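Same chain, two partners: chain A is paired with chain B first, then with chain C.
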Partner chain A sequence: MDKVLSNKKIIALYVLPSLLLILAIVYIPIVLTAYYGLNEWNGIGAMTFVGLDNYLALFKDTTFWNSAWHSLLLAVFSGISLVLYLIVAMVLAARIKGANLFRKIYLIPMLLSSVAIAQLWLKIYHPTNGVLNSVLESLGFANPPAWLAESSLVLFALFIPILWQYAGFYILIYYAALKNIPASLEEAAKIDGANALQIAWKIKLPLVMEVIKVTIVLAVVGSLKYFDLIFVMTDGGPNGASEVMASYMYHEAFRAYDFGYGSAIGFFLLVICLAVTWVIRKLTASKDTIQYS
Partner chain B sequence: MVTGNVKIRNDLSEARLGISSKLGYGLLYAVLIVVAALQLFPLVWLLFFSLKNNQEVFNLPPLSLPMNPRWENYEKVWSAGNIDVYFFNSVWITVAATAITVILGSLVTYAVTRMKWKGSSLVLGLFMVAMMIPVHSTLIPLFSLFNKVGLTDHPLSLILAYVAFNMPITIMILLGFYYALPREVEEAAIIDGCSVNRMFFQIVFPMTSSVLATTAIINMIYNWNEFIFVNTFISSDAYKTLTVGVQNFIGQYTTDWGAIGATLMISILPILITFLFLSNRIVEGIAAGSVKG
Partner chain C sequence: MAICLVLVAAGCGKNNNEGNSGSKENAGVSGEKVTVNFMHLWPEGVSAGQNKIVNQIIKAYQAEHPNVTIKQEVLDNEQYKNKLKVLSASNKLPDVGVTWAAGFLQPYVEGKLFTPVDDLLSGELNGKFVSGTTEAYAIDGKTYALPLEFNIAPVYYNKALFEKYNLEIPQTYEQLKAVAKTLSENGIAPIALGNKDRWTGSLWYMYLADRIAGQQTLSGAINGDGSFMDEGLLKAATEVQTLVDSNAFVKGFNGLSNEEAKSEFLNGKAAMYMMGTWELPNFTTNEDIPKEFRDSVGFFKFPTVEGGKGDINSWVGGPGVGLFVAENSAVKAEAKAFVEYFVTQWGEQAVTGAGVIPATKVDTSSMELPQLYIDLFNEMNQASSITLFADVQMQASAAETHLNMIQALFGKAATPEKFSEEHDKAVSEGK
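Our next item is the complex of A and B:
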């Protein structure tokens, strides 16, 4: 039997197409990104090797650091919003009738394309005819701001649709984790006189900690590489006030035709994402795992 | 004896807390309903303004029903805006990429979980690590690689990229299922002299139909909504998919709200209809594939 199941020809036939594809489309390009970053190149003509010039320039480029700062802010917002999602999930898991329907409704925005969401929210934020300012005006606020045109507001304004889009996703994950907690634990705590808050804080929270750690990584790394929605809604504007790392990379490569510098940004983005994943995993690593079965 | 005592105490406390706990539940429901309303409201508003003309959008309250629904908005954008072309491109590219991913992913998963070969864990590791690599870091090299082999502005560039980037998540969802699949049938088949190919295609592959459906739906949603690859690789209208097509179309018709609404509705309707019928499977797939960033 082992002989049949270790037939090398068949293994190659089953594995190689996918393996070659992923090497060609994922792994070779990230090596090339690092290499392109060492060159001056407009994407079409000849490459000129310039050593670490692009990478050194990156460290002095205030536009880049601003975009990195904006990405970091989005990551912090996303991290904080996880608390909101967790609270809603806890409410949902509190033996609510119709919980299944609620979590499905919450999930709908997550299934739609970021482009459609971005276009819809462009209309919501429309300075004169958008639903947000119409409502604000009817409530008596004269001259509500043009949300996406003000440097000081634009990142917050962009974060609302992100919050809206991903709510159902994280609530779904937390809800599933909370539902995994045996009901006997909660009942035992109730009998001992614990109130709902104590149960949530002292019993449920520690038991879903592993899932929370995973979602922190997802939210932070996801924010660091956020692109579609911002690209469509503001294209990094006004005046770079909402430029993030991925959009800056795109602009440098495909608008300014500086493929070498764009690649350096792309490589830096890769390193940051991997490093942040590693650091968060380290920081939140716990020595003792909790058993609750 | 002990349990009896406990039960009495529990009943007593519940009777005492009757009114306040009812109030508490009311409050919990209120929270959930508010969140549901926030999640749905933008989409309802979108549906309404897709059926209005500009005058009605600007002069009537935002949530007023479209009294004489203007279906001509939909007719207009469907043919005049190239939306029909984009729509069919989205359909066939999504279906093709999904079918290839699911079949290739199944072959790899089978080889990794059932067949015995050196390096199987290394190969699996390569697929899993690929999940952490940001798409953006591969964008510039992919563009220049595709350019070299004449695949830019060719739908094959999209299919290759979609298959490669969705392969890891597909394998990850399939893995759990394959590990849990009983091996007795396969062992008996091998003893009867069944070849590996026949065993995979006639026995194992059909047995995985339910998890295949889940992975296929998740793949379809990702592919349908993909934006940055289409935006970067494809330049002619004939090959654009809905995300980029919608973006371009709206760029030209920024002032016609009804047309924009109708375009957005057309782009999200397939997802909404799928969700209506297959919500359980989608919820399951999103939860299973939640590590994808």
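Our next item is the complex of A and C:
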């Protein structure tokens, strides 16, 4: 077996099918998207080559930069919420009573489809019959806001279900990482007289650092290209107040039939995501990784 | 198994050859076996009524023309639109398919994908269409599809609620505002509006524009001959905001979808609802909605505005879907013959079977129809003008601007001046 696997040709043979698939499904479309971005195209007729016009227009497009700002805000909020998830995971991993049940409760939103979550929260936010406003009214708040119709509120009203949706996912990742820490380390620290906070800060945190780095990238990049709940719940409205980069791309390509410009947005989005990933990796890079030993 | 696969593959291959060769063009009338591919958007689950009618028509047609097989491909609305786009990019459109009017049609016509059907219009179908319907499918003097449906948008109202608060049908805009005020004071949302979908708000703007500035000014501005900076059109935009300020629309309308707004009306929480005649089955025959409610739905025409140039018989509306024949179909003659047959058969069956208002003239006197239908049919026949829905009429990118600006205007994120400026800019860019 070892001999077979050291044969370069055999390795190539095994890798080839998935490599071809990835090329055909991921990389070739990316190149094509970049190319479509250089054209003016309504998606149906002939393409006209316009060089960098679409990309230049993109830089001057205030709607795009507004939507980019909204995406960035979402990324910041998801980044911050990771701290909360880590704390929850630490509590759950500490063998408290009912931890198992709570872990499952947190995970449930992740099992629902995005559209179901969107419908659920649409009902919660409904301006007159919604759960939220009914509760507010019964508490004595006269005339509570129409959450999804107010330009100043809509974005934050959307962040809540988006963060809620992914909470279980990150908690699960942290939980698994924390469970992986050998119990002997914690016991040794306890014998040395460390309290719970010190154990969390000085022992657990450094040991799950690698996982945290990965989740930061996941959360930030996932937020930058976020689309589904926003598309179903507000469609980027009202007046673009909840438009994010991905929904703007969709609107330009499929509503305004400007596939060239839509492709340019899509490609630029990819570039932003790559750049952000690179920056995060740079910022969080550490010379020595801490290992269990 | 292998044999099966080979057979299937061979079958595909054969079909493709037929589809692409084009050599048999106009040859089929002779009685040779031909297959006409027909793609439509009435799946059994969602549009049971239409689906049944389509199958009946196809069955009858095949019985009359034993050499022709109509092969159906059925998709949901959104999937249909996407697939049509994909198929046209690779030039593999079905022989016959469903399309929308004006702005939707344009790129397909520019790409030379649809064939003109003017010969059908001057043939057996001459004079059969309600006036103003086929024009929406005409580009540069040629008609590229035959309409199946036609809709106008009245204001539906809840008679029970109107009675409860001693309200009369408003004849003037001032009366409409007074009605809205009374309702709002009594805790009833006057008008259900789901402006997340944007075209819903567009209807309100269009009627105000029509009544204040007149139909000619409005359509002139939309097709680029005039300007949205016209005094009357600016006033219409201002009036939209006046209505918003007086709480005439349901709370949070900019965040509600049309479906959500409709349910406010259906639940009796809102008293008025402006929508196309495609909603009629919900107010007449749909058993899922309580009979008590259906019986209390009436409609009125958008009232006139004092000093305005529009008249009360002018409507906003538009054709729904129509049928096209693909330019490079190998069986164009049969496809056209089928379209002609389909359109003639569709009219009467569509009203009774699916509650659709057809684009062809139908004699309602011999039919058992709910009164609401008959009244609206009559209104349609005495319409002084019908302005096509703005977002259908405009080019895709201009329509997108229009819809976005509608939401901004209703949400008071744009002034009437800004609203008009953006429109003029978008329309002139699209020209």
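By our rule, the second predicted complex is superposed on the first by the 269 of 293 C-alpha atoms of A that agree within 3 Å, B and C clash if a C-alpha of one lies under 4 Å from a C-alpha of the other, contacts with A are read in each partner's own complex, and residues count from 1 in each chain.
Operating definition for what follows: a residue touches a chain if its C-beta (ideal position, glycine included) is under 8 Å from a C-beta of that chain, and two chains touch if they have at least 3 such contacts.
From a predicted model like this one, the values you see are computed outputs, not experimental measurements.
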item	value
Side-by-side fit of chain B and chain C on chain A, or clash	clash
Partner chain(s) touched by A:L136 [first = chain B, second = chain C, both, neither]	neither
Touching partner for A:P109 - first (chain B), second (chain C), both, neither	first
First, second, both or neither for A:F227, with chain B first and chain C second	first
Chain C versus chain B, contacts on chain A by residue	B
Partner chain(s) touched by A:L269 [first = chain B, second = chain C, both, neither]	first
Touching partner for A:I181 - first (chain B), second (chain C), both, neither	neither
Partner chain(s) touched by A:A189 [first = chain B, second = chain C, both, neither]	neither
Partner chain(s) touched by A:A57 [first = chain B, second = chain C, both, neither]	neither
Which superposed partner A:G43 touches (first chain B, second chain C, both, neither)	both
Contact residues common to both interfaces of chain A (with chain B and with chain C)	43
Complex interface listing, chain A residues touching chain B	1-2, 4-8, 10-11, 13-15, 17-19, 21-30, 32-33, 36, 43, 88, 91-92, 94, 96, 102-116, 119-121, 123-124, 129, 131, 134-135, 138, 164, 167-169, 172-173, 176, 190-191, 196, 214, 218, 221-222, 224-225, 227-228, 231-232, 246, 249-250, 253-254, 259, 262-263, 266-267, 269-270, 273-274, 277
Of chain C, residues touching chain A in the complex	85, 88-89, 107-108, 110-111, 113, 189, 195-198, 250-256, 260, 264, 269, 396-397, 399-400, 404, 407-408, 411, 413-414
Touching residues on chain B, where the partner in the complex is chain A	6, 9-10, 24-25, 28-29, 31-32, 35-36, 38-40, 42-43, 45-46, 49, 57-58, 61-62, 104-105, 107-108, 110-112, 114-117, 123, 126-127, 130, 132-145, 160-161, 163-165, 167-168, 187, 190-191, 195-197, 200, 221, 224-228, 232, 242-244, 246-247, 250, 257, 260-261, 264, 267-268, 271-272, 275, 279, 282-283, 286-287, 290-291, 293
In the complex, chain A residues that touch chain C	42-46, 122, 125-128, 146-151, 154, 234-235, 237-240, 251, 255-258
